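One structure is given below, represented as structure tokens, and several questions about it will come after.
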Amino acid sequence: MPDIRADFWMNEYITPWDIYAHGITKVLAYRRTAFQEMYIVETGAYGKALVLDGKWQSCTGDEFLYHEPLVHPVMLQHGAPQKVLILGGGEGATAREVLRWKTVTRTVMVDIDGDVVESCKQHLPEMHQQCFDDPRLEVVIDDALNVLDRTEDAWDVIISDLSDPIEEGPSFKLFTREYFEKLKGALAPGGAVVVQSGPVGPAEMKLHVRLAHTLDCVYGNARSYTSYVPTYASPWSFVLCADTPVEARPDPEAVDAKLADNVNGSLTMFDGQAFLGMLQLPKHLRQAIAEETQVYTLREPPKFFGKGVVKQTAPTQ
Amino acid sequence: MPDIRADFWMNEYITPWDIYAHGITKVLAYRRTAFQEMYIVETGAYGKALVLDGKWQSCTGDEFLYHEPLVHPVMLQHGAPQKVLILGGGEGATAREVLRWKTVTRTVMVDIDGDVVESCKQHLPEMHQQCFDDPRLEVVIDDALNVLDRTEDAWDVIISDLSDPIEEGPSFKLFTREYFEKLKGALAPGGAVVVQSGPVGPAEMKLHVRLAHTLDCVYGNARSYTSYVPTYASPWSFVLCADTPVEARPDPEAVDAKLADNVNGSLTMFDGQAFLGMLQLPKHLRQAIAEETQVYTLREPPKFFGKGVVKQTAPTQ
Amino acid sequence: MPDIRADFWMNEYITPWDIYAHGITKVLAYRRTAFQEMYIVETGAYGKALVLDGKWQSCTGDEFLYHEPLVHPVMLQHGAPQKVLILGGGEGATAREVLRWKTVTRTVMVDIDGDVVESCKQHLPEMHQQCFDDPRLEVVIDDALNVLDRTEDAWDVIISDLSDPIEEGPSFKLFTREYFEKLKGALAPGGAVVVQSGPVGPAEMKLHVRLAHTLDCVYGNARSYTSYVPTYASPWSFVLCADTPVEARPDPEAVDAKLADNVNGSLTMFDGQAFLGMLQLPKHLRQAIAEETQVYTLREPPKFFGKGVVKQTAPTQ
Amino acid sequence: MPDIRADFWMNEYITPWDIYAHGITKVLAYRRTAFQEMYIVETGAYGKALVLDGKWQSCTGDEFLYHEPLVHPVMLQHGAPQKVLILGGGEGATAREVLRWKTVTRTVMVDIDGDVVESCKQHLPEMHQQCFDDPRLEVVIDDALNVLDRTEDAWDVIISDLSDPIEEGPSFKLFTREYFEKLKGALAPGGAVVVQSGPVGPAEMKLHVRLAHTLDCVYGNARSYTSYVPTYASPWSFVLCADTPVEARPDPEAVDAKLADNVNGSLTMFDGQAFLGMLQLPKHLRQAIAEETQVYTLREPPKFFGKGVVKQTAPTQ
């Protein structure tokens, strides 16, 4: 019988009645930044994890199940992306996957919190794998909204790797039609966008369903796909958008050939077969997306329950 | 901000350092049976749940994500199953899915614990949907091993819906080569078997990997597939085995046609597209299965960490 | 190293940031009564416990540290009580202690919830010790307020053994000046009252402080004392009130003599020395009581944080 | 209804089935020292806390309920202590109370872990209140055993403020007859010793009972007393030992007069009345001490369950 447990626990509310608690074996870093409270911790079973405002962001034990599916489908959709914009992604793992692509000549990663980025550089080398040293990468510490307003670049690929749009959080505006139109306007011809779009368990899939519909209204061609990331305690979703249709059943061998030509190093979970699987949603989720009629706007933005949202209330006696 | 929480919690150890805690809003039934401690509870977000020896079995809020994938692939593999044997499955939800098939003339469900079956009949109508009244269903309260030794039937389909092979638990013998050979011997020509085979998150996938290899050694044609069931906090796996190869990329439209011909009522999550998706495993999992060399035998059975296994130690001061 | 833990837990919020969680090894009874949700459970370390609306009431492992101090001081204050009124006290343990007194000829126990009383009779014999069979005891199932309004008896002793005055709970009216005046009016000459009055840890002692002041305003002679009950996770308080002053430093040997004359059987924790100790409050608590100026009234009743109060929000999706 | 909770929790096992969980609102310091893992955290309800190896040591919200009772009785017993030895006490709060005594000319505080002492100096000024600057205090970073072997001083008062003697912990040898004899040998004539001696809830009082008996065998005059410290989730005990009998019922006014003459500043909880109360143990605890026949020795040392002991097992997959 295994020996069990820790004394410190990170409790994350998956729903208001369901808590996923991770035992912490070591605190590697703790900071109160200008924007949030950050922990980098060591866990018992899933390696090192980044936690922001009590919300689990990613961990070394299963982040490949999130970051590979986030990046490679949108890169494949474009085919030969040179300029890539990453919104969020402080751990550096999204940039790591982008920079595997030989076609990339310039990638800009915009994160609002420089202290988090610095701490990840120092404590999470497993995540960034030194990609911050790649001269093709520029890190901009700023609000994603500001950067989008200022940018004169036209991007081949934009990756929205933002934290969930919890009600009190900073990112809910970045999950609205207005913002998605701004993203579209920043694309070069043939450009493509991917948006991380939340959990799709039956009790939580509403956010994704409406985001998928909102993005479809903006782009005309939005396709949902999913990956499972155990520490998120729910299957996770993404929406891929482009001018041209996203193929529903890509040929795995063709995908593998494209990856072999364009990508340095070996991916852990992603390949043609995995991608084919991710795109095949279960029936009830496809139906829910097809039947959705509402869109998220600045006037009616998402109010995601979110993990840990409750914590932001200041403790008072 | 949502109001949060319960006072009673069911804490399930997903790993020794990761707890998934479900808030209980009502205890519908509690029994100490001859075999185990049973709760049927109401949860906040996921409906009613059956819990045995502290281990979450299934809940009304997402059981369709487990039971539809458990049953329909093996039925499709056979094509026109008439006689179906279910090992385990006390909630009645597996039998419910089997009995949707018009071809079925007789199904026997073997569960070791009659008290659990009775309690599920009474308290979980959402699960069994009155299928216990179907004259084609016979419920046998006995040890699966005994039934297999005695049965003179030859079965078109056998469904192993047993609880995880935790070390101190009753079912670990039923996850060995010797047992799987017994299952094979009980099949009619053209028969097929499916085995629920545990979680496949990166920290927990070893059980599945070795089971898949063990089954492949016995049947020659074993194919893994997965479904996500949020309350299991991990993607879940199954192995489908038959005399004839299991198709790797079935045509979704052909599957839908077969289902339309043979299945009564409407499935929630399963159809041709969903099935195609389930069969496409991610690269690292396929590799792990391909590289596995050991098999589970009675001498070296699985020792699954299991959820809640720790609880079986009698409380002592 | 001891083996640890349970799968079911009762989580009680001692403060909004401090949870005392008791591992449940068995559910002995569960009922939704007309008034509340009741569990009788077996715990790992503290025996059997009664839990109402998620709030720990008492357990067999340490209830003597609550019930003996609740009852014997007020009985001693009177000297030879014949008629005793108990408000609350569903477990029967308060009545048990009252009936030890040979002088008692009649005691009425008023509890609002007959289902709870019945369940305690059946499942908690360690608590009531068959005192419900004593012909001197009458159990009235009714609201304490109704009984007080109707009673024509004049009582030698009244014991207020009510659950904490949590904001949404049923009992907060029973912790106000108006109610305490009603109690006073129901006393026979020479009568005495005791009120359980909550925790007195530094972060939680306000309720007690104001109750003590309120009772002192009503009776002129109110004296606080405390006992420690480990499963309450805080030292616990009582207020003893009478027409005549309550002695601050009773002679332990005189108390022991009175107990020997009047009480059947042997007490576990209470005797003259223990009583002398209970009456000696620490300096900061005495000062806080002395400095208090506000009283609880029906217009400004207590709003105790309470254990588990949060639970009463109906679960909604 | 108060807003509730934190995302990070410190879970302390009070018994193997009872967890007291404190919500952490901020991590002020974290270190892996040569001896232990240290956190200084901010909690929601009880201020700042020092946690060593997952075991709650003390917090600013209720430490006065521990440190005042630890120090002043032994100082009063001596009457005019000049030289005081403190074993343990890294937070500086024990030294703070000692140095209130005008008679003290020299106090040595021995703590094994200099990193903890430094961190407390920096982050817990509420605890030490600058007493580290008092020229009468010398801090020695060493093992208490070494210091006792070497010391040529004869001490008026020795205060054993060591962490609980958990089985795998470093301090269990310091709770044995052999060690207590060493303490006795280091006393000046008229000297007195106090030992913190663990929780005395009914399920946990065995350690105290046997320690009290062990100390009585060594000194001839050992007297137990208790204080309640809410965050310890149990009433807490101390044993006071001297050559001359410890008064069972000191006169509160005489105590107050002695304190007024000798102590600078104002105590929060301790005075003559509080001390009288602390010395009056409940009957069952006095009986258990009186009936104890075994002593702790190096061959049969205490094996305290201890809070958090389970954590020391190295995490392994």
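Going by the order they are written in, the chains are A, B, C and D; count residues from 1 in each one.
Here is the rule we go by: a residue touches a chain if its C-beta (ideal position, glycine included) is under 8 Å from a C-beta of that chain, and two chains touch if they have at least 3 such contacts.
Worth saying up front: this structure is predicted, and the values here are computed from it rather than measured.
S.K.: Taking each chain's centre as the mean of its Cα atoms, which chain lies farthest from chain C?
M.R.: A
S.K.: For copies chain B and chain C, work out whether under half or over half of the interface numbers are shared, and give different or same accordingly.
M.R.: same
S.K.: When the C-alpha atoms of chain B and chain C are each averaged to a single point, how far apart are the two points in Å?
M.R.: Distance between chain centres: 50 Å.
S.K.: Measure off the straight-line distance from the CA centroid of chain C to the CA centroid of chain D, and report it in whole Å.
M.R.: That pair's centroid distance is 32 Å.
S.K.: Could you put a whole-Å number on the gap between the CA centroids of chain A and chain C?
M.R.: It comes to 54 Å between the two C-alpha centres.
S.K.: Among the residues of chain D, which are close enough to touch at least two other chains?
M.R.: Expected reply: 3-6, 9, 16-17, 21, 25, 44-45, 203, 310, 313, 315, 317.
S.K.: Which residues of chain C touch chain B in their complex?
M.R.: Touch list, chain C to chain B: 3-12, 21, 24-27, 30, 32, 37, 39, 44-45, 51, 53-55, 308, 310-311, 313, 315, 317.
S.K.: Which bits of chain A are touching chain B when the two form their complex?
M.R.: Listed in rising order, the residues of chain A that touch chain B are 1-6, 9, 13-23, 25, 43-46, 61-62, 64-65, 167-168, 199, 201-204, 226-228, 230-231, 233-235, 249, 252, 267-271, 273-274, 276-286, 305, 309-310, 313.
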